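Here subunit A shows up in two complexes: once beside subunit B, once beside subunit C.
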Partner chain A sequence: MRKAFPLLLGAAGLIFLTAPVVIARAPFESTMGLVQKIFYFHMPPAMLMLLSAFFCGVMSAIYLVKRRAQYDWIAHAAAELTVVFGAIAMVTGPLWARKAWGVWWVWDPRLTMSLLMWMIFVSYLLLRRYGGYGSETLAAGLAVFGMATSPFVYISVNIWRTIHPLTTVVPTLPVDFAVPLWYAFAGFLLLYISLLTLRVRLEEQRAAVDLLYLESEE
Partner chain B sequence: MSAFWRVVWIVARKDLAIEARSRELINTTVFFALSCVIIFAVSFVRERALGDAAAGILWVVIAFSGTLALGRTFERERYADTLRALLLAPSARPAIYVGKLIGILGLLFTTEIIVVPLVALLFQARLFAYPVLMSALLIFGTIGFSCVGTLFAAMLARARSRDVLLPILLYPVTIPVMIASVRGTGALLDAAPQLDMARLWIMLLVSFDVVFLTLSLWTFEPVMTE
Partner chain C sequence: MKRILLTVVLLLNAIVLAQPQTEFIPVTEVPKGDQLPAAPLVIAAYAFVWLAFMAYVWVLWRRLGKVEADISALSAQLGKKRP
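On to the complex of A and B.
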């Protein structure tokens, strides 16, 4: 994973550099026009927030069973990235909503649930930071609950039928819109993986330093 | 299985016996709930209560006083240094969890018996028009809130800054339960009561309860192990 890191970051950088061109070349959406282009920077981080929350939950559940620090490092990194990518989605979403719906925010189930999930992972980070000794186990327990809400987020819009576009929109997108979307998604995904690798590596080295410190004490 | 329920009964009876003698939690919780109701009355009642405010007020009061009670029950265990003794007992950990949960449910249901008529009285809300549906909402809503609350309060019992962390962790996770409870109660309080809607929310509450209770039973053991 260490050797792949520069490659991953390079590929992500390349996609982010060229993405504006690809997005600019995509056709204008008939009703929303130029504003719709924010979609390419809203949907990928929003989707990655969901996936990341799920990933964090799975890693935490494994940590609770196996009790190996590695799983906790990955879960911690995934939780931080859930908050970061969630923040991107939370900023781009209202910008788009203001133009498309006329308001910054509506309390529709999908928006509410996404905000809640984001808050659960912020509280995860608060717990880890201020919980003191043994908080990694407690945080793992919390993340399992955070994961349990994620299917509800995904399904909620399909049950309650609301103003937010249905999730079935994505597979039925015309090719002209789908290409830049998945291009941007690939960029965000590569960025996610490289940041995750970096973050886990940091924890790994922190643990190694702690171990060396303990050895030198003896 | 009978050993499991015996432990559940012993833990719950212990909590209820302490409570019956000291009445510390029930007195403080009920008084706190009353203070919350007064604050809401000041904020939301002009000529008469605003729209369906009563449903929201009722559930916010239950959530706030529930958090207070949850924090206190485990504070008591920690203060007397009995939490470790409880966990060292040669019995299934989930049984201890269920026992604690029943103790807290007993406390919250008692609070509700006082708070619900009070809200109905002060906000002219027809909370007793559909006793069966309303009780179902109260029962399943409270179970959903308390089963997560008991787990979080137990795991935070030994953490630093636990008083602040409990509501921070508990509210985002239990808001789905709150939405279902408030919307369900609101459907019953409507000028034209929507019984089907209320039933749908009750079904949703039951499914939340099942998911959260299963997860809590599963996580209690690893989370409480040092």
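On to the complex of A and C.
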């Protein structure tokens, strides 16, 4: 995976550079017009935030059972990326909402649950940063809890009354909308994998530093 | 009393009529008044995505550089090859 890193990052960069052209050629949506084009840079990071939260929870659960540091490294990396992709989704969303709904933010079930889930993963990172010895176990438990909320975030728009578009929007997209969306999604996904690889490498190197410190103290 | 009743009826009506969007329908042209105010928001969203990723990659690179410098220093101190 480490050898594929430059290739992945290059492919992601290429997609990001060409995505605005592909998106500009997509048709305007009937009720929202130009501002709907934020969708192509809002939905992929939002979806990756949910997937990343789930992935982090799974890795944390495996870590709690097997106690192998590698799973913890991956979980820690995934938690950080959940926060980064979540921040992007939560900034681009209000920019879209301002024009489409007339407000920056509403305490809608989807928005509120997304914010809460994002805050769980911010807590995870704070716990890892300031929790001291043993915080990885507590953080792993928190990540499992965060993972459990992610399916609810996804289906919240179908359960409760909301002004956020439903989950039926994406599967029923006309081809002209779907092509730029999945193109942008591919770019975000490649970027996610590249950043995850880099972030896991950082954890690996930190573990190596800890070992060297122990050796130097002996 | 009439005003309160009217307000309640109108609010209930609004709640019943407000339906979430279930699909996106393409159109060929958008009214001009709709296009201009949206442009800064679209540009801001795209710019934020770029800036956020560039900032994150830069931070990650710096953290990685610092850790690798620590490894080199400690390895030199211990007189062993880098792991």
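Following the convention adopted for this analysis, the second predicted complex is superposed on the first by the 213 of 218 C-alpha atoms of A that agree within 3 Å, B and C clash if a C-alpha of one lies under 4 Å from a C-alpha of the other, contacts with A are read in each partner's own complex, and residues count from 1 in each chain.
The definition used in the following text is that contacts are C-beta pairs under 8 Å (C-beta built on N, C-alpha and C of every residue); 3 or more make two chains touch, one makes a residue touch a chain.
Not measured: the values here are computed from a predicted model.
*Asks:* Looking at the overlay on subunit A, is there a clash between subunit B and subunit C, or do the two fit?
*Replies:* Superposition check on subunit A shows subunit B and subunit C fit without a clash.
*Asks:* Tell me which partner A:Leu138 touches in the superposition: subunit B (first), subunit C (second), both or neither.
*Replies:* A:Leu138 sits against subunit B, while subunit C stays out of touch.
*Asks:* By residue count, which of the two partners contacts subunit A more extensively, subunit B or subunit C?
*Replies:* Residues of subunit A touched, subunit B against subunit C: more for C.
*Asks:* Between subunit B and subunit C, whom does A:Thr197 touch in the aligned arrangement: first, second, both, or neither?
*Replies:* So A:Thr197 meets neither subunit B nor subunit C here.
*Asks:* When the two structures are overlaid on chain A, which partner does A:Val209 contact: first (subunit B), second (subunit C), both, or neither?
*Replies:* Touch status of A:Val209: second partner only.
*Asks:* Answer with first, second, both or neither: which of subunit B and subunit C does A:Thr82 touch in the superposed model?
*Replies:* neither
*Asks:* Just subunit B (first), just subunit C (second), both, or neither: which does A:Leu126 touch?
*Replies:* First partner only, subunit B.
*Asks:* When the two structures are overlaid on chain A, which partner does A:Ser114 contact: first (subunit B), second (subunit C), both, or neither?
*Replies:* neither
*Asks:* After superposing the two complexes on chain A, what is the shortest C-alpha distance between subunit B and subunit C, in Å?
*Replies:* The answer for the closest subunit B-subunit C C-alpha pair is 13 Å.
*Asks:* Please name which positions on subunit A make contact with subunit B in the complex.
*Replies:* For this pair, the touching residues of subunit A are 64-65, 112-113, 116, 119-120, 123, 126-127, 130-135, 137-138, 140-142, 144-146, 148-149, 152.
*Asks:* Quick check: in the complex, which residue numbers of subunit C touch subunit A?
*Replies:* Touch list, subunit C to subunit A: 15, 18, 20-31, 34-35, 37-39, 41-42, 44-46, 48-50, 52-53, 56-57, 60, 63-64, 67-68, 70-71, 74-75, 77-78, 83.
*Asks:* Once bound in the complex, which stretches of subunit A touch subunit C?
*Replies:* 16, 20, 27-31, 33-38, 41-42, 45, 84, 87-88, 91-92, 95-96, 98-99, 157, 161-166, 168-169, 172-174, 176-177, 191, 195, 198-199, 201-202, 205-206, 208-209, 211-213, 215-216
*Asks:* Name, in rising order, each residue of subunit B that touches subunit A in their complex.
*Replies:* Checking each residue of subunit B against subunit A gives 148, 151-152, 155-156, 158-161, 164-165, 168-169, 172-173, 175-176, 179, 211-212, 215, 219, 222-223, 225-226.
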